[in-house]
Amino acid sequence: MTDTPETKPFEPTIIGFTCNWCSYRAADMAGTARMKYAPNVRLIRLMCSGRLDPTFVLKAFAGGADAVLISGCHPGDCHYINQNYKALRRFLLMKRVLAQMGIQPERLKLLWASAAEGAIFTREINEFVEQVRALGPLNWNTTAIEVHAEKEEVPA
Amino acid sequence: MTDTITFNQEISNLLYAAEGEPIKTCIQCGTCSGTCPVAPYMDHSPRQIIAMINQGMKEQVLESNTFWYCASCYHCTVRCPQDINITELMYALKRYSIWKGQHQEGLIGPTFSEAFVKMIVRGGRSFEPVLAPSYIFSFGMRELVLEVVGATELLLKGRLPIMPARIKRLDNFKRMIGRIIPMGGLE
Amino acid sequence: MKEYAYFPGCSLEKMASSYHKSSIETAKKLGIKLKELEDWNCCGATTYFYIDELLAYTLCARNLAIAEKTGLDVVAPCSACYKNMYFTAAHLKKDVDLAEHINFALEEDDLHFNGTVGVKHLIEVFANDIGPEELKNKVTNPLEGIRVAPYYGCQIVRPQKDKEDVEQPMFFEEMISAIGATPVNYPLKMRCCGGSLIISSRTAALGMVRNLLQSAVDAQATVVATACPMCQVNLEVYQQQVNQEFGTNFAVPIMYFTQLIGLSLEIPQKKLGIGQEFIAMAPALRQVIKG
Amino acid sequence: MDKKEKIGVYVCHCGTNIAGVVNVGEVSTWAAENLKNDGVVIARDYKFMCSSLGQELIQKDIKEQGLTRVVVAACSPHLHEATFRNACKGGGLNPYLCELVSIREQDSWVHTDKIAATEKAKAILSGGVSRVIHHEPLEPLHVPIHPATLVVGGGIAGIQAALEIANAGFPVYLVEREPSIGGHMAQFDKTFPTLDCSACILTPKMVDAGNHPNITLLTYSEVEKVDGYVGNFVATIRKRARSVNEADCTGCGICWEKCPKKVVDNVFEAGMGYRKAVYVSFPQAVPKYPVIDRENCTYYIKGTCKACEKFCPTNAINFAQEDEILNVQVGNIILATGYDLFDSRRITQYGYGRLANVFTSLEFERMSNAAGPTGGNIVLRDGKTVPKVVGIVHCVGSRDKNYNEYCSAICCMQSLKFAHLVEERTGAEVYNFYIDIRTPGKGYEEFYHRLLEEGTHFIRGKVAEISDAARLPAEEGKLIMQVEDTLTANQLRVPVDMVILSAGLEPRHDAKEVANRFGISCSADGWLIERHPKLDPVATVTEGIYIAGCVQGPKDIPNSVAQGAAAAARILGKIQQKEVALEPIRATIHEEQCSGCRICNNMCPFNAILFHEDKMVSEVNPALCQGCGTCVAACPAGAISGTGFSNEQILSQINGLLLLNIPKKEVVA
C-alpha cells in the first residue's frame, strides 16, 4: 500500500457520546491497558446515554462529523436503572430520521460496553472507523444546521 | 496487516456457523472429551485438539484421526461451558484437511465424503450402492465384505434403490451450485 | 385439517420407506396432511459440511425456498435433514450477507429464501401439535404390555434449538405412554448411536451400537423406538455384526415411532411397512397386533 | 456571550505518558493562538499538572491573571477531576468552573501516530474550552443525615454491619426475611480453612445483635417500599404475623414439641430434615420466638388442633395476630441480602433429584452437622450406608456459560473442606473433580496442600455426566462419573457411592426487584452493582445505599464480614458529618416553559419528578434527582436543563471538537 497524496485514504471524524459509568470507563480501561484504536473518534462524556438528545447527533453531523457513536452500559446494567433503554429507543428513531434526511443510517452506531470492556470498545471503534471510511465523507449540507432550534455561534 | 494468519484464525475463518474465534476461549475443562462417545477411539481427545489448534500445531492436528471420528452428535457442543461449537469445529477441520489434501493414511472418511458430495452434485439426491466403488480402495477387505453383506440384505428387503433418484430441474440445480463453487473442483 | 410441507429426505425414498409410509398414514389418521415438497434435493447430510459449508447451506436453502412457496411450515422425519434445515434457516435469517450470497445462487432455479418458513421435526408435530392428550383420545388399540425404549438420538434436540431440555427431555416417553405402551427409563437414551461413523469408523460405531442396545435390554425393553432413519438402520442392520464382534446375542426390533403409533390406531401392518425389517417385530408385538 | 471569559489552559505532560506521543508544546501554543477568540488568555504546558507545583501554577494564574475559567488537558476526570476542582477552589475560583479533558486515556495511551494524536489532543482541548464557557458556578447540595440505619438481611454481613454501627452508639433496624437471623452461615458445619465450628463463632454475634440496645431486630419481616433520599429515607416494613406474642413467649419449646404436624424443612435443613408447623429455624435461633407456618398448620387448614395454644404455659400463641406495617426513618441503608444456592437440578446430566445419592453442597453441610438430620453421620440417602468412595464435583453451575459464567469463589475451598470431612469421618476414598483449584485466601493454599497430603484424589476435568448405567461388573450399583482426566487425556469412568455437587452461588431470585425497590441496579449476572469495582466496593450509585456480602458478588465469610464492617464505617463517617454534600449535577425544570405534558414524570427512575396539579407544571426534587439527564433530553418543550451537562455545554463541546474539521469541509464543499 503506497500512499500518494491523491490516494491518501479518507480519515473520518467521529463524535462519540459515552455515559459516565460504563462506556467512558471502558475508554479509560482501553487507555490504562494501552490498547490501540484509530484516532478518529472524539468522545463527549454524558452522565447517562439516556441524556442523549437527538439534537446532539444532528449537531455533530451538521458540524462536520462523518459519523456518530452512542455508547452506554449494557441493557440491564444501567447505573440509572434502565435509562439506556431510552437511548436505545432514541437510537432506533434517529436511524429512521437520518435516512429521511439522506444520511446513511450506518453512520450512527450504538455500542454497549461495560467498564471492564475496554477490549470490546477498542475493537468496535476500529470496526466502526473502517465502516465509515468505506462510506466515504459525509459532506452534509451544513445549512441543515437550521433544522434544529439551537443557534450556536460557531467558533471561528 | 503484517501479522501472519495463525492456524487458529485459519480454522476460525472456516467456521461460518460459529461466529468469531470462540476456540481461543477454551478453558481446557475436558467436558467435551468426557462427554464424547467416540473419545476412546480418537488418538487425541477433542480438548487436546483445541489446545493443539491454539498452539498452532497444524501438522499434528491434520495427522490426527480425531475429527474424522467425530460422530456429529453435538453432545459436547450443548455441554461446553464456553459455548464453543465443537462439532462445527470438527467440520471445519475436515474441510481444512480435504482442502489441503492432507490427512492420516488409511482413513475412509475423506474419500467417502468427497464421493458422497460428487454424487449429490451430479444427481441432486443421495444413493447408496454407487458409493461403494468410490471408496473401495481405501476400505479394508473385511469391512468391504461386511458392507456388501449389509447392502445385499437391504436390497433383498427392498430397502435399497437400484437406480439413483434424480431431481427434475437438474440443470438449474447444477448452475445453482456453480454459483457457489467452481464445478471443476468436484466433478 | 393441519397441513405441512413434507421433506422426506433421501433415506425415506427407499431405505426407510417404512418410515415414510407409516408417517403419511399415521398423520392422515390424526388429521394431518403431509404434502411432499416438489422437486426437493438432498439436504447434504452431515457429509456435505465436511466439504464446503456454503454449499451445504445452499442445498438446504433450496429446499427451504421451495417450502416457503407453499406457505406451510416444513417437516422433516429425518433428524439430520431436520437439523440441517433448521440451522440453515437460523443462520440465513441472522446473517443477511450469507442470505444474499445464497439467494444469488438460488436465482438459477428461480427461488428465493425470505426467512419466513418454520422448520419442524416430524416427532415435534406429534409431540407438540397433536400432543399426548389428543393422541391418547384417538388410540383404539392401546399397546399394553409393550416395553418401549424411546431413543432420541442426536440431532432432534441437539444442538440446542430453543430452551428445550437437551439432557433429559420427556416428550418421547409421554407419547409412548399415550399409546398405552410402557416407556422404559434407560440411561443412554440421549447417547449417539454412531450412525455417521458406520462407514468411516466402523469399530467405534459398532461399540456405540452395542452400548446402546445393552442399556435398552438391561432396562427390559422389548423394542427400541426411533425418530430417525439413520439411527434405525444403524441400530438394526448392524445388530448382527455387533453380535459377531462382541459375542452378544441381541435381537431387538428397532421401530419407527410412527409405526408404533400406527399400530395403536389400528392401521394395517402393511401400510406401516411392518415386515420389511431385518429383525422381526411381530414376536415382540404379538399381544397387540390385531388380525 | 456578553461578558468575555478569561480562560486558562493547562496541558499536562504526565512525564512521558502524554508527552511521549502528543506534542504538548504544540498543543498549548496552538490553543493560545487559535482559541484566543474563545477567551483563552493563557496556555501552558507542565510536566505534572497534578503535582502541588502544577496546582499552584493554576492558583497563581487565577489570582494574577483573573482567570474565570480553567481547562486542564491531562488524564481521565475519573482520576483527577476532584484534584483540579479543589485547586481552583484554593485559588478562589468556583470549582465547577474547571473542566478536565482526557488526553491520556483517550489519546496518548491509545494511539501511536504522533501527528494524529497531537491533532486529536487539540480537538479535545478545543471541545473543553468551548464547553467551559457555558459552565456555571455551582455549590454542592447539603442535606442532613438521620442517625438511624436500616440493614436489610441478617446473615453474617448484615449482623456485622449492624453491630459496628450499634456499637458506635447509633440506632439500627436489622430486617430479616426468615424467622431467625444467621443466614447461610448458621447452616454450615465447619468453616474453611481453620475448620472451626460455624455455629460456635456465629452464635455469639447473633446473640449480641439480638440483645443490643441500639438494634431493633425485625425478623420474619420484609422491606416493601423505600421513599426519600440519602439522609432521609422512609422504609415501609411488613412484619409478618408470627402468631406468637413476643412479649409473652419465653421460647421454652413446648409448642413445637407438642405440635403434631411434621413439615419437610426446605429452608434450613435443605430438604434433608423436618420441622414442625410451629417452629424455630434452629436451636440457637435469634430471636428465640417461634413462628407458626400458616400454610402447613392444621388449625389454619382445618380450623381445629390448637395443640400449641393448649400447652403454652404463658398463653403466647395468638392465632389472630395480623401482619404489622412499620414505617421507619433512616439516614442510610445497607443491603446484605445474600445469595441463593444454584439449583443443581438444572444440570440434568448430573442427575440431582433423579439419582438418589447425588447430594448438593448444602445437603452435605447439613448432613455433616452434628445438629443436623443425620446427627453428623455421612451416609447415603438410605440413612445408614456409609459411602466407601465419594466424588466431589467442583464448579457446579459456575464457570459455565450455560448457567453462570462467573466463578463462585467459594466452591474450591468448600469442596476441599468436604473432602477432608468425608475422609476424617468415614475413611472413604475421595475424588475431587476440578477445572482449576483456586485458593486465594489466607491459609487456603496451605489447606489444599494438607488435602494433597491426606491422599485425596484430584482429577483435573469437568465432570461430563453422572449416571447409573453400569458397563462393567465393578460399576454395578454405583454412580459412574464420566470425565476426562485432562492431565493424562484419558476418558475415565469413576464408580462412586456418593456424589457431592459443589454448587455455586447465585443472586437471590428476587434480586432485581430488590434493586428496583432501593433504586440501585444489578449487573447482567444479577449481582448488585457497586459504585466502583475497586475503589468503592460497598457504596452504590444511589447515595446513602450500601451493599455488603454476597449480594454484591460471591464471596467467603471473611470477605462478607469485611464488607459489612466497611459499609458500616462508611455510614458512621456520614452520620458523624451530620450532613452530606451532593454533586450538584441535577435537572431543573423552568416552570414558565413547562407545558405540563408530564412526559418526564414517568421517565425518571428515581421518582424525582413530581407534578403540581394546581399549577400544572412538573418539578424536580433535587435531593432525589441523580442527574442522569434523561428528562432533559426528553422534554419536548426544552423546559428542563441539566446542571453541569446543559444543552449549551454539550452543543458547544461538539462544535469545539469539530473545530479542526470545519475548514476542511468548506474546502471540499
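For this structure, a couple of remarks:
Per-chain residue numbering starts at 1, and chain names A, B, C and D are given in the order in which the chains are listed.
In this section, contacts are C-beta pairs under 8 Å (C-beta built on N, C-alpha and C of every residue); 3 or more make two chains touch, one makes a residue touch a chain.
None of the values given here were measured: they were computed from a predicted structure.
For the pair chain A and chain B, chains touching both partners: D.
Farthest chain from chain A (centres taken as the mean of C-alpha atoms): C. Between the chain pairs B-D and A-D, more C-beta pairs are in contact across A-D. Distance between chain centres (mean CA atoms), chain C to chain D: 49 Å.
Averaging Cα coordinates per chain places chain A and chain D 31 Å apart.
One inter-chain figure worth recording: chain A and chain C are separated by 50 Å, centre to centre, where each centre is the mean of the chain's CA atoms. Looking at chain A, one finds that none of its residues touch two or more other chains. Shared interface positions of chain D, i.e. residues touching 2 or more other chains, are given as 349. Listed for chain C are residues 167, 211, each touching two or more other chains.
Interface note: chains touch in the pairs A-D, B-C, B-D, C-D. On the chain D side of its complex with chain B, the touching residues are 349, 395, 399-402, 435-436, 460-465, 482-486, 489, 491-492. Listed in rising order, the residues of chain B touching chain D in the complex are 27-36, 39-40, 44-45, 47-48, 78-83.
Across the interface of their complex, chain D is touched by residues 165, 167-168, 186-188, 211, 214-215, 218 of chain C.
Across the interface of their complex, chain B is touched by residues 10, 13-17, 39-42, 44-55, 57-59, 62, 87, 91, 98, 101-102, 104-110, 154-155, 158-160, 166-167, 190-192, 194-197, 199-205, 207-208, 211, 237-238, 241, 276-278 of chain C. Listing the residues of chain A that touch chain D in their complex gives 13, 15, 21, 24-25, 27-28, 30-32, 34-37, 39, 42-48, 50-56, 59-60, 63-65, 74, 76-83, 86, 90, 115-116, 122, 137, 139, 142, 149-150, 152-156.
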